[in-house]
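Before anything else, here is the set of structures, which you'll find just below.
Here come two complexes built around chain A, the first alongside chain B, the second alongside chain C.
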Partner chain A sequence: MSKKKKNQVSSKPLSARIYNHRWFYLMFLPVLVFIIVNNYLPMLGLRYAWYNYNGVKEPVFVGWDNFAKMFSKAGFWRAFYNTLQLSIIKLILNTFAAVIISILLNEMVNLAFKKFTQTLIYLPHFMSWVVTASVFGLILAPTDQGLVNTILKAIGVVDGTAESPYIYFLGSKTWWRPVYYVINLWKDTGWGTIIFMATLAGISPELYEAAQIDGAGRWQRMKYITLPSLANTIITVLILNLAKVMNLFESVFVLMNDIVVEQSDVLATYIYSQTFNSGTIPNFGYTTAVGLARSVVGCFLVLVCNYASKKTRGKGIV
Partner chain B sequence: MRKTTKKVLSASLIATLAVSMMACGSKDTSNSDSKADAQTKEDGTTSSDSKDNAKSDVEKPSKITVMCDGTVMTEDNGRAQFESALEAALGLDIQFIQPDHSSYSDVLQQTITGGEWPDVVIIPATYYQSYAKQGVLWDMSDAWENSDLKASGRVDERFVDCLYIDDEDIKGLFGMSATRGNGCVTYVKQQWLDDCGIAEVPTTYDEYIDMLRKFKEVKGTYAVSAAGLISKEAPYTNYLPEFYQDAYPDFYEKDGKYVDGFTEDAMKEALQRLQDAYTEGLIDPTAVTNKTSDCRTKFYDDQFGVFTYWAGTWANNLSTNLEANGKNGDIVAMKPIKELGKYVERQSPVWAITTQCKNPEGVYKYFFETMLDGGEVQTLWTYGVKGVHWDTKAETVTWGDKSKDYAEGEFHMLPSLEDSTKLFAKNHIDSTIVIDTWVDSDPGAKSIPEVSQKSAEVFNENSVIANVAVSNDIIAQNSGDIWTCRANIVAEVVTGSMTVEEGMAKYEKEVGDLVEDCLKSLNK
Partner chain C sequence: MKEENKVIDERYVYKPKKRKLKPFEIINGIIFVIISLIIIVPIWKVLVDSLDAKTAYGLNLLPQTFSLVGYKIIVTTESLYRPFIISIVTTLAGTFLGLLLSTLGAYVLIQYEMPLRNLFANLLLFTMLFNGGMIPTYLVYKQLHFTNTLLAVLIPLSINVYNLVLMRNFFDGIPKGLFEAAAIDGCSPMRIFIQIVLPLSKAALASIGLMFAVGFWNDYTNYKLYITDSKWYNFQMKLRGMMLGSDLPTASGVSENTLKNSAVMVAIIPFMIIYPFCQQYFVKGVNIGAVKE
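So, the complex of A and B:
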């Protein structure tokens, strides 16, 4: 199509252009309706953040009361800080572990072993969090049946007596967070390597060959070729995931318990417990206010990430 | 893309969307009013108030929607056959909505909030009062008072009377249950008693602790386990009753005034007993992270010997599962120790009619009353369907590696459809705790295993009904925080992270104000 003809088409009135592509617009219509019905209409429920509402009686407008109550509650702030802390540390650890494993995989010469290793480390990603929690509950049990404590006993770290008891990893204020990070590393690091492996596959072999001819060793090739090539991807992955840090729920929900509630309660689990563990009909207005606050912070982080992305990559993510 | 292809694709997509939208929005409103009709009046009565509804010429509903938990026959166990048999017996259409049992309360809450209520729902005891006060439940007091069921005199009315609500917000009967609330009794493995040379089960706390110590010493493992150290549903303390004794960790009425039982001396002493036993290694070290299923598995696996669990049918389940795991299935249901006095019978989950039901009188008469008809329908609700779940014909019944011959006319249960290695146990009604008597006699009485009967006897003779969980708007707003704090303190104190005094100080500091607000609202 010539440039002149293209201009002719675009200069037609909008209605004419829509009519011209009416079948495509008709095809798009279901998607549009679906998104409006399922993604946008539910947002109307946000108005309940300014009401006392228990789902049965008519909502009662209370202005900013629910927000004032939320900001005055220690439980909210604890959940807020826990969300940020658990998410951000998890993100950093997972990303850098994925980078290291990707580089190690990339260095593997035996292709069959490399494929086998990749498959092995991808698998945990497909295991549900409920199953993961059960498996680690058994592995970390503070009894003779717990694998880790049995090993610790064998090497003399604990002996299972009252003086030197087994470590209750999932029921210890000290151990819960480290264990949580380790479980997340085990489950998601393999999956996280995919994007880095793709980047590494895209690095020109000529660069390595040239460096080798110039006398660069393995470490130097990694330092001066591999890592700089990965830098942009690492930043992109970090930025994209930073926008999702407020969404933490399932992994925490299945691993938390009454002892470690101060270390583990995040905003999503806080909303859950306020809604379903209240033993009575809850005030949905309050939980909606907390949910809205969480969304606002999440939105702010997306905008910050978008700005950071523009600065580092020259283009935004939204 | 060719024009015809575009047209066909577009038309198909639109049709798909239209059909899916119709499917989402489709509902049968044959027996439901709009939500607006169900609003509660200022004086606490509902628009569907039953004051004038006690008529003899009650219209029979054509269809009833019923939301129930997993205590009613599940799909895997033959709900379709049960539903057909029930519909045939009642001559009306029953539509069951049965969410997963473990998430029933959550789904119920979402359903109520969603605004489209079934005609009949099972309400967990914890929510009974709050739903009644919010106008979700129809007042069936007149229907009950004027019912043939009451007139029959077959019902133990204590278990109906305890469900009457009578406070400044609301008055009436908003739900009924076919069975007592049931509760937990403490089971001890006979094999463990024999191995430790203990002739009798304990009758005092000292004897109880001595037994646990002996078990630990001989078996080399903890002696008692529980799913969590405290339950967040009333009666809260029922899985470790020997340690809690007379402690009640929630608001309750004492000498005409509401108090917070969590801060009372009884609770402090209970926490100390639990901490001592935990430190000594008598209680399962993973109790905090246990789920109920974990405890059962460990019990079947002989990892511990003392388990406080449901009375009645569950006694037989525990026993047969032990045998299935190659262990000795003999268990003894302990009478409550002296310091405990009585086991606590929980408030039973109730069957209730929602205020959106178009014909509540009809539903009461043809659904509620028939459930306890003492005959055909009660048999369905108790034992299931003849020929599917039980039978009386002469036959050899085989389940797992066992089999038994039955003579003609002899009532016997058939293998469970869900697990053919076990016999079907019961439908919704547990005949050991049903609140009425049969018109003739319980057809399956002889099929109830002895271990279940004994367990039910011990419980029924040694239990008191739990307090109704109190509720109002202030409690609704603060309950989540208060219970999170209570559960955290119990867990921390028992596992030794803090002393009882430190725990109480933390409670006062973190939720003292909220507790104060709740007590003020209850005592105003």
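So, the complex of A and C:
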């Protein structure tokens, strides 16, 4: 308060503006406190990447040792490639499926059924990953109580004996990744259609009428009108999601287990398990270094996507 | 008189001809029946099995021996209903806190002639670009003694810069003249905020509030990181523990799987109840985001 009074003497207009907005500063205070505690204090904590720190003893400065250790560890590289592979394949599959479903939804004639389907396919998006993992854990259980294995038994693919055992989908090195993609498709494809449906709703019906008069069939109309008008939205969706590639955590965390670490471990789960499940005293310094690498790559991706977004649609994403 | 009118009406009224469905439309309909089944069957199966006292579930899509015992155990066992109450409390408190921070922040960000306004905006936007990461955040929360308190699960989700920006875009659409007129009439900024801005933003408050509510209800990561005392677990944590088999109460008269199925249903039932009524707000929320300037 006293500082503001001093300013008033030296530079009247600025201090007057500050005084006029005094209540706004007070209103911003809670936001500022939250953002400092949740975002800026942790950024200061990034200095531990250059220390060995176990949370009890004083941190010891070790220079670039933690980074050298990180780059020499196979576990880090495996997590890095898994992060890229799982998120990018998931992104492509989900976008592709959402486009197809949007186009088909758009062709639907019965509006009541269309509305019902839309309501239904948005639903799984709102279920937590814990619930999703629980539902599929129960459905895919490798026992006679799991729905999928019961069906497989009924049609004679497996019979639950030692020679042809039930398939443990979430605990199988070959099945884990495909199952992960399928679960993601189940959960988020429907939600992904919203943005495409909004674009399709904006296409002028005159275009379709004109094409129809010119003798274009249904497939030609889809190919020459619907699909091209979706192109921009598809690029936007891909760019927006590419920026989030490094964020992959909870979906993998709740679906993975010790058997499939090799197929499923991503950077965030690697950081978590190295810190909290390693069985020894954790070195927060090392896991901070891995986290810093993750944040830097993530930041780089956001900037690239922001640039790409400005180029393609004239506006950034942040 | 009325009869005559009706006759004339029917003669001149436009009646769309009942068109025969084309093969494509039939196939399209069938595709969506299948898609709907794919979405609903896993959830339906969990619901059915949660109501079944028998454990040999098989392929039945209706309970063989109907029983509510799984649910009864959840509402009568303290270690199971306490997490549910924690979930409700944190969802309500978190949604309120989240909306409070988003609206306050957004209201300050539309004061374009305020000194330091751009610095504040950049401070917020920078957090979307770069973050300290899991471990430094964990260490900060630990040093501030937030771990094992509900603060640790309320703070990370309630300060959501993305929602704040959505809210700001919405506030930007309110005519500036309203603020000026109110200010000339002697309204304080706080009063303008409460009596003009908030009442005009009901749709945005509903959409963004629902996003916050779903986020808090579904939160698992923050509990996993910051809460080790099972006293403060929410229902997602409890459900996860049960699924991993470590956290099942020693209950009698019900199989482990029926109890697991019931717990899954309890975690989604509150949402299922409000979803049909609020679906439009959820969709609106996405579209505010999509058309962000």
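Convention: the second predicted complex is superposed on the first by the 271 of 318 C-alpha atoms of A that agree within 3 Å, B and C clash if a C-alpha of one lies under 4 Å from a C-alpha of the other, contacts with A are read in each partner's own complex, and residues count from 1 in each chain.
Just so we're on the same page, a residue touches a chain if its C-beta (ideal position, glycine included) is under 8 Å from a C-beta of that chain, and two chains touch if they have at least 3 such contacts.
Since the structure is predicted, the reported quantities are computational estimates derived from the model, not experimental observations.
Asks: Identify the partner contact of A:A74: answer first if only chain B is touched, second if only chain C is, both if each is, neither if none is.
Replies: In the superposed model, A:A74 contacts chain B only, not chain C.
Asks: According to the stated criteria, A:L91 is in contact with first (chain B), second (chain C), both, or neither; which is it?
Replies: neither
Asks: When the two structures are overlaid on chain A, which partner does A:F24 contact: first (chain B), second (chain C), both, or neither?
Replies: both
Asks: Between chain B and chain C, point out the one touching more chain A residues.
Replies: Between chain B and chain C, the winner on chain A residue contacts is C.
Asks: Touching A:S128, do we find chain B (first), chain C (second), both, or neither?
Replies: It touches chain C, and chain B stays clear.
Asks: Going by the contact rule set out at the top, does A:L230 touch chain B (first), chain C (second), both, or neither?
Replies: neither
Asks: So in the superposed three-chain picture, is A:Y166 touching just chain B, just chain C, both, or none of them (first/second/both/neither)?
Replies: first
Asks: So, A:I151: does it touch chain B (first), chain C (second), both, or neither?
Replies: Touch status of A:I151: second partner only.
Asks: Looking at A:G55, would you say it contacts chain B, chain C, both, or neither? Reply first, second, both or neither.
Replies: Touch partners of A:G55: chain B and chain C.
Asks: Return first, second, both or neither, reflecting whether A:L248 touches chain B, chain C, both chains, or no partner chain.
Replies: neither
Asks: For chain A, which residues lie in the overlap of the chain B contacts and the chain C contacts?
Replies: Chain A residues touching both partners: 23-24, 27, 30, 34, 37, 55, 137, 275, 284.
Asks: Spell out the part of chain A that touches chain C in their complex, as residue ranges.
Replies: It comes out as residues 14, 17-18, 21, 23-25, 27-28, 30-32, 34-35, 37-46, 48, 55, 101, 104-105, 107-110, 113, 116-117, 119-124, 126-131, 133-139, 144-145, 147, 150-151, 154, 186, 190-191, 194-195, 198, 218, 249-250, 253-254, 268, 271-272, 275, 284, 287-288, 291-292, 294-295, 298-299, 302-303, 315, 318.
Asks: Spell out the part of chain B that touches chain A in their complex, as residue ranges.
Replies: 3, 6-7, 9-11, 13-14, 16-17, 21, 39-40, 105-106, 109, 112-113, 126-127, 130-131, 134-136, 228-230, 232-234, 279-281, 285-286, 288-289, 469, 471, 473, 475-477, 479-481, 483-484, 487-488, 490-492, 495, 497, 510
Asks: Using the touch rule from the top, collect the residues of chain A that touch chain B in their complex.
Replies: On the chain A side, the touching residues are 23-24, 26-27, 29-30, 33-34, 37, 52, 54-58, 69, 73-75, 137, 141-143, 162, 165-166, 168, 170-171, 173, 257-259, 261-262, 265, 273-284, 286.
Asks: Within their complex, state which residues of chain C touch chain A.
Replies: 21, 24-25, 28-29, 31-32, 35-36, 38-43, 45-46, 49, 55-59, 100-101, 104-105, 107-108, 111, 113-116, 120, 123-125, 127-140, 142, 144, 155-156, 158-159, 161, 164, 188-190, 193, 214, 217-221, 224, 236, 239-240, 243, 257, 260-261, 263-264, 267-268, 271, 275-276, 279, 282-283, 286-287, 290, 293
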